[in-house]
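Each structure below appears as structure tokens.
Each of the next two complexes has chain A plus one more chain, namely chain B in the first and chain C in the second.
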Partner chain A sequence: MPSQPPLPPLLAPYVSTLPDASLTLVSSILGATSNWLVLRFLHAALSSQSASTFGADDLQNGIKKKVVLVSFMRSYEFWKTEAKRLGLDLTRLAEKHQFAFIDGMSELFYAQSPAPTSSPGMGSSPRTTLPMRGPPGAVPGRAPQPTAPVGTMGNPAAKQEPGIAKKLHFSGRGLASLDAMEKDIALVIEQQKTQMEEGDELVLIIDQPDLLLATTGPSMGIGATEMSEWITGLQQLAHATIVTLATDTPLIHNASGLGGQLATPIETEHAAFAIGLAHRARSVMQLRTLETGAAKDVSGVLRISRGGGLGTGEDNLEEREALYFIQRDGGVTVFGRGES
Partner chain B sequence: MSFRKRNIGLSPGVDRNAVPNTAQPAPEGTPGIRPSPDDGRPTTSTGTRSLDNLLAGHAGLPMGKLLFIEENGTTDFAGALLRYYAAEGVIQDQKIHVVGVPEQWGRTLPGLIGSAESLDEKRSDRRKDDRMKIAWRYERLGEFGAVAGSRDAPSTPGEQDSTAKEAPAFCHAFDLTKRLTHPSITNMSFIPLMPSKESPFAAILKRLQTAITSSPANTIHRIVVPSLLNPTMYPPGSCQPENVLQFLHALKALMSAHATRVTAMITFPLSLFPRSSGLVRWIELLSDGVIELCPFPHSADATATSGAATSQEEPPQGMLKTHRLPVLHERGGGSYQNVGQDWAFILSRRRFEIKPFSLPPAEGDTEAQDTAAAGGMPKKSDLEF
Partner chain C sequence: MAPVNLSHRRTHNLLLISKLLSLRDTASPLTLVLDSLEQPATPLLKEYIRRAKLSKVHVTLIAFETLKQPEGVDAFVTTRRKSPADITKEVSAVYQHVANSNPSRRRLILIDSINPLLNSKRDDPGFHLPSFLSSFLAPTSPTAKVDTSLVVTYHQDVPEPPQQSPYASSPLSVLTYLATSIITLHSFSHILAQKAARDRSLAPPVFGLEEEQEGVLLGRLDKLSGTGAAEGIVIELEHRRKSGRGVLEWYLLPPASRYSPQHLKEIVTLLDDNILYNPPMERDPGAENEEPTSTFELGLTDKQRRDREGVVLPYFDAQSGDGPGEGGRILYDMGEEDDFDEEEDEI
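Entry: the complex of A and B
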């Protein structure tokens, strides 16, 4: 099979055209995760600068885009390696102030004691047959580290791993804790904006904020309303916002109480949050597995539909349903049913 | 005076010295760690060979990943998997952290028989007679590739042989009726559940964190959590979403911060917490791999159990479903040939085997077949065209 373009043509209009103040909702389930789609959004926004002669950026009209990615479920390491497969060097983009990563995972609930990052020798390099000679060029990034005293405690204020702009902390309860996090994110966005020129656009991607809702819940003073307001607050700071959510059946349909069992707060709040966002979103991109069971050449179904917040008239969004397939090398094909 | 025994030839002696020297500086020189045949990331064994082969072509559990094993009913097949996992860690000199159970649990680890390869060879010897031979030189490859589904499997048989000789075994076989005796079994640490006003998990997390961060960088850790949220072990407040989900999220963060030297396995009773509840779904979403065991209802009449392909084979004891596989689903899913297949598992004294599930030809239904052949189908002459 010939190598696929990083951005499947069928998908390109949906991930690169993001009107001002729009909200795009990406929903995923257990067997059909949304990480690949988030990466496509990243690619659509960031690749035009790194490869300006590439053909796919006709849509951008020379507008520069910046991305702030807030991730609650994945580490920076994951995004970095996966983006590299698409030809995006996130660390370099971060240095150029085109990309900022906000880590909502590693220290969200329990601050970790600063520790030396795990030994660089393991894992990073695949089977090397010549042990005497290290792989060229793999280590320079780490080179300054050994000069610092390894394993010393008490430098939490020091600049963390390169590329991570901020680590979010959840402390206290209720609105105050959400406000603190909003402030942290706003700070990073402001930093990015200082580097912006007229006409530049800032895209905010919030990956799985529903985790925040699930891990706190009404008993800690955070419910669907607070979360939606939190998203609204952040949405105002950015040109366009993309939010990913989990929409597994138990999280959405249990809340209606039709199954005869009482819905737990985690279910009702999640359903309210997800449905509320879908009503506000310009478009909803829904990822799910095939109803007919797994297939060898289909990873899942992507359904793009208009959200409740789509403006009438001037803005047009074509609804469609397509299949997608993720290859071993990370490449994605998106195709209609019956095509290949 | 020679330092070498006279009756031993020169060359083997040199050879034996040379082997560890060349093997050690390799990046994955740590025992029990090997690069995945799929993408080269380091993996470690779960202690169950067929489970290793199920994990999306990596032929092992990738480092930094959390495997979540759910079980329906009152049986403890998941517990057996967990014991294999812990025992494998003990053999490989890894540091084991067991959460929530007393130290007796560590004494019930299954005894070591040998490496999984040696057991497989024995079994295949037995089977050899009744199997048709096509090309014997591809036999080893076939067995590896058939289940692991990997394209980049070690290429030549010669290479595989040499690695098998030099490298220490990746996966071992254990006997459930014996008890494990190994010098490093005392190296296991047991983290009890302390009743506290705050989340009961906070103390656990603290201990895991200090243990992992304070250990030398080449220590490999395994986190073992038997029967998470089981009310006989966990205090009532622990199944509050804010407690258990925060714990799992922080565990995930801890593991990704030390992604090359920690793995974890958690078992979970589904009968107490059904999969249709939002809480369980969130636990699943936070895990890297989700596997569900559905044991068949026990029947005294062994032959009545369906599922055995032939009468010689042991009947499967249950179905196994893979809901999520490490790395594969994180990247989007699909493209793995074994996804979506029905699996059956058999637990015997010496092995936990996972194999494709197939319904047998209906046994004992011969009279129905006879009548169908005789009168049920219309004869050709009866059909009018």
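Entry: the complex of A and C
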């Protein structure tokens, strides 16, 4: 099979040029996940430094980019393996301070000594949410847990595993817990920024923060407003921000009240969060499956639309819809309807 | 619609929208802008800011979702981690020095999205939406007379959490009750597509979230089929006059690229005046060739017409009264070209 360019040409302008203070929302559904697109964002930002042999660095204009990836749904092991298929060595990039991974998954709800007052509902959350998309192997980050010093809050240098800059912990409730996590992420970003030269850009990718909303919810004092304020706070630290969210039908449409039944809090809050972010975003990249059913040579549909963000309407982002196909080797082709 | 009516609307309602958007005479202290993902309020807010700059109105943006201060905004108030009372205080603080130097200036306060405030989980028993909004409009000091206009954007498609009290009215109904003008925004290309469907008595199409298609948040695409030149946003305005009389009108705001930022003349037009929405009727389509086309020549030459007029039909002859039995005879003058058939008379 002829090897695909890691970055499909049709996609390149959308993932490599991100204006300052812009928010890109990537929405996915169960049948059309977003991790391949996140990897393309990673590649667009990091490839020119790590793998200039690809010759794809003409889009970079000499601007060095750094990436901080906050992942709530997938482990570092997953991202490392997948990025390797694109020719990115995340561990090496992390050592060169071009990439930082923040693990929001493996220890998010681990009770730790600084937070003895965990509400009773929290204990059950990890068991119900974590195994859903866990990697096939052993969950990394759990093994060293007994020996890991829990007070990593003020000491970001204390890393147990190479590549993982920080593990997020959720403690307390409401705004205070979000603030604590924001502080953790900000620490990592600041650390990255110390290595930055003038004109460098830091791209922040937050993968599926809706997990946080789903596992806490209004009963813990966290709703759509609090979550999007949290995103705003992180956005202020970075050059450009990319957020991925799930937009499956029950999470979006049940709350609109058309069905006639009363929406549950998670449906209402998730819909408000996702739609609110789309209103703020510069561009919304929507992934979905083919309406006509599964196909052998099409994995799904990617629709790129302009969001409603104020102050970002000047640039002419071209809206388009394309099909994509993820091959067995992880390569992705993106093509228009009727093309191949 | 009667043309008199349209020209009346053209003069009066265009004047009204011009007054509203340019904030003249404080025609509307509280304008509620209802937008959706299909047509965000951004272009309209930019138009507000543009006009405010032209007439030197002080612009404050209360940013619930905007990160950076947009061009043309004089004061930018972020709302992150701030209580409504803090926001009110800050908004009046940023205007203080302007008010001192130039007390007669007008002021525009924009709220880019009121939804986060309404959906907030913050326990704030003191929060009362009408008093929050009116605190911006009320004069800060009795001496300074400031004409303030407040423009509040509300995203219609963001669901609201259930009310604390089941008897309280929803924030949206409170807002629509308070507002002096309500602007609902539509995408022009969608309006055209829906009109085209209605003209054919089809169900109008829906877009974006209303499609209820899994994975689709936005249905808007630049090249929506068949609406190539349909740029701009459609403004559905409901304005409540002081007298209590309401005015309903649909307008079209062209995209900002069509005119220069210093353009002074009114750019908004009535939707009914738009050539795409209301194409001019073709005058008597096909009046010239009413005849059905066929291989036969169905027309008459002049001679044929004269001959036809010369024919005296039998009943005219019967009326001439030549006596009983005489009338009603079949008169037949044989023409030159007729071929006399002898046997015919015998039948």
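For the reader, a short list of remarks on this structure follows.
We take it that the second predicted complex is superposed on the first by the 283 of 340 C-alpha atoms of A that agree within 3 Å, B and C clash if a C-alpha of one lies under 4 Å from a C-alpha of the other, contacts with A are read in each partner's own complex, and residues count from 1 in each chain.
Following the convention adopted for this analysis, contacts are C-beta pairs under 8 Å (C-beta built on N, C-alpha and C of every residue); 3 or more make two chains touch, one makes a residue touch a chain.
Every value quoted in this text rests on a predicted model; they were computed, and no experiment measured them.
By the touch criterion defined above, A:Asp248 reaches both chain B and chain C. Touch criterion met: A:Gly221 reaches chain C, while chain B stays clear of it.
Legend: residue contacts after superposition of the two complexes on their common chain; A:Gly163 is shown touching neither chain B nor chain C. Judged by the touch definition given at the top, the superposed model places A:Ala272 against chain C, while chain B stays out of reach. In the superposed model, A:Thr232 lies in contact with chain C only, and not with chain B. In the superposed model, A:Ala32 makes contact with both chain B and chain C. When the two complexes are overlaid on their common chain A, residue A:Ala295 makes contact with chain B while staying clear of chain C.
Using the contact criterion defined above for the overlaid structures, shared-chain residue A:Glu77 touches chain B, although it does not reach chain C. Look at A:Pro6: by the touch rule set out above, it reaches neither chain B nor chain C.
Touched by chain B in one complex and by chain C in the other are residues 32, 248-249, 265, 267, 289 of chain A. Chain contact summary for the complex, chain B toward chain A: residues 22, 24-28, 30, 33, 35, 38-42, 63, 151, 202, 205-206, 209-210, 213, 217-218, 240-242, 245-246, 249-250, 252-254, 256-261, 275-282, 284-286, 290, 323-324, 329-335, 337, 339-341. Of all residues in chain A, those touching chain B in their complex are 30-33, 35-36, 73-75, 77-78, 82, 105-110, 112-113, 115-119, 121-128, 131-132, 211, 214-217, 219-220, 246, 248-251, 254, 259, 264-267, 270, 289, 293-300, 324-328, 330, 332. Those residues of chain A that touch chain C in the shared complex are 20-21, 23, 27-29, 32, 174-175, 218, 221-226, 228-229, 232-233, 235-236, 247-249, 252-253, 255-258, 262-263, 265, 267-269, 271-272, 274-276, 278-280, 284, 286-289, 291, 301, 303, 305-311, 313, 318-321.
Residues of chain C touching chain A in their complex: 35, 37, 40-43, 45-46, 65-71, 80-81, 112-113, 115-117, 119-122, 155, 157-162, 209, 212-218, 220-223.
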